[in-house]
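Presented sequentially are two complexes of chain A, the first with chain B as partner and the second with chain C.
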Partner chain A sequence: MKFKANVKVMLKPSVLDPQGATLERALKSMGHDNVSSIRVGKLIELVLESPDAQEAAKAANDWADRLLANPNMENYSLTLEPLT
Partner chain B sequence: MSAKAAVVVFPGSNCDQDNVRSWKAVTGLTADLVWHKETSLPNYDLVIVPGGFSFGDYLRCGAIARFSPIMGEIVRLAKRGNLILGICNGFQILTEAGLLPGALNRNKNLLYLCLDVHLRVENDRTAFTGDYRRGQVLKIPISHGEGGYSLKASELKALNDSDRVVFRYCAPDGTVSPEDAPNGSQDNVAGIVNGRGNVLGMMPHPERLAEEDLGGTDGRALFTSILQTLKGGL
Partner chain C sequence: MKFKANVKVMLKPSVLDPQGATLERALKSMGHDNVSSIRVGKLIELVLESPDAQEAAKAANDWADRLLANPNMENYSLTLEPLT
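Entry: the complex of A and B
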């Protein structure tokens, strides 16, 4: 079976996010004073083949733990859906 | 005495030749360039993981290089006690590989910074810094976009308590305040060693300042220190 995984990688809340801070200043300079707490992350899409959803989730989590996210400074969340 | 040095080359490395040249200029010894696909580095006492943009810095700096075939051998040599020196992208690769704690985050002002900075030597009793003296102020170039050292506060405290911060960004007079770290490094960290003391990672480039003709020699003592350590036996 084929599955599509979305891995959302974000800097941990404790880690300074200079990109987010810059975007926030840019929006404020456009007059949007009601904006706050901007964080910039990455969205990684991938398709994997696996016998079932459980195995697919296990593999995708393993890849995220080892490569896609750096546990020292990032958290990730994973969604998985079967491709028909 | 044995002081055989290798400099690893990844696709996108660009400080490999500088390290070969500086090692030779300072110690009179040759260093071998080794392609990242190699799986064995027999008899090398020192492995330098150089700066550059390995694999285009895709995903995160060092994240992909960390899985190159050579890295298994570098981990093995590190466990054996051989000296491993990671400079700039090399430092990033060593943190990604788990040989050094922490991570290097985007510079706080988002700029790629290529400039001379001042560094204070915090520990002159490592295998890499015996020819410096504690408190000495060096002027050495940095050249990176992701050099903000980031580590959990409790782990940073442990790093400080065990004297493993080797270089800190400072003012010309040696005082240290946050604005002296242009990249936003936590606690002004510019270079650290592992617990055993045989793996050093640093963002500044000592290999770019090891000959008078290149504008200064503050980087020389790193290489002479390593040579002294290797002469004394591992």
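Entry: the complex of A and C
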């Protein structure tokens, strides 16, 4: 059975986000003073084949822990949906 | 009124994604042959102040078009939620 996993990886709130700060400065310099708190993260989409949803979630969490996210600086959240 | 916008920016399907290809190779080299179609995108979270949801959506779409996404290579989708 195939599943699609979406792994959302964001820098921890305590970690400085220079990319977000740059975007915020750019928007403000374009005259948009109503913007704040820009954070830039990664979104990783993948398809995995697994006998059931539980195994798929286990595998995707394992990959996120070990490869996709840096646990020192980033948090991740994961959603999984079956592909028909 | 404050709104939180989430802008999901992904490379167009026709555009090669070297970062995704590298992750896929890494997972396969770790023995995970059940993974495929990895794509890596950006997720931009921001807070904007706007009189109503319609204005907020208009502003966020405008910013995504002009700054956050590269319309030549990327697609984006946007969600907006009011912050209490």
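Structural remarks
Just so it is clear, the second predicted complex is superposed on the first by the 84 of 84 C-alpha atoms of A that agree within 3 Å, B and C clash if a C-alpha of one lies under 4 Å from a C-alpha of the other, contacts with A are read in each partner's own complex, and residues count from 1 in each chain.
The rule is simple: contacts are C-beta pairs under 8 Å (C-beta built on N, C-alpha and C of every residue); 3 or more make two chains touch, one makes a residue touch a chain.
Values in this document were obtained by computation on a predicted structure and should not be read as measured data.
After overlaying the two complexes on the shared chain, residue contacts for A:L67 are found with chain B and with chain C alike.
Legend: residue contacts after superposition of the two complexes on their common chain; A:S50 is shown touching chain C, with no touch to chain B. Contact with chain B, but none with chain C, is seen for A:T22 once the two complexes are overlaid on the shared chain.
By the touch criterion defined above, A:A59 lies against chain C but remains apart from chain B after alignment on the C-alpha atoms of chain A. Once chain A of one complex is fitted onto chain A of the other, the partner contacts of A:L80 are absent, as it touches neither chain B nor chain C.
Set against each other, chain B and chain C differ in how many residues of chain A they touch, and the higher count belongs to C.
In the superposed model, A:H32 makes contact with chain C only, not with chain B. When the two complexes are superposed on chain A, the residues of chain A that touch both chain B and chain C are 67-68. Across the interface of their complex, chain A is touched by residues 59-60, 63-64, 67, 95-96, 101-103, 105-110, 148, 150-152, 184 of chain B. By the touch rule above, chain A contacts chain B in their complex via residues 11, 14-16, 18-19, 22, 67-68, 70, 72-73. Within the complex formed with chain A, the chain C residues making contact are 8, 10, 20, 23-24, 26-27, 30, 32, 34-50, 59, 63, 66-68.
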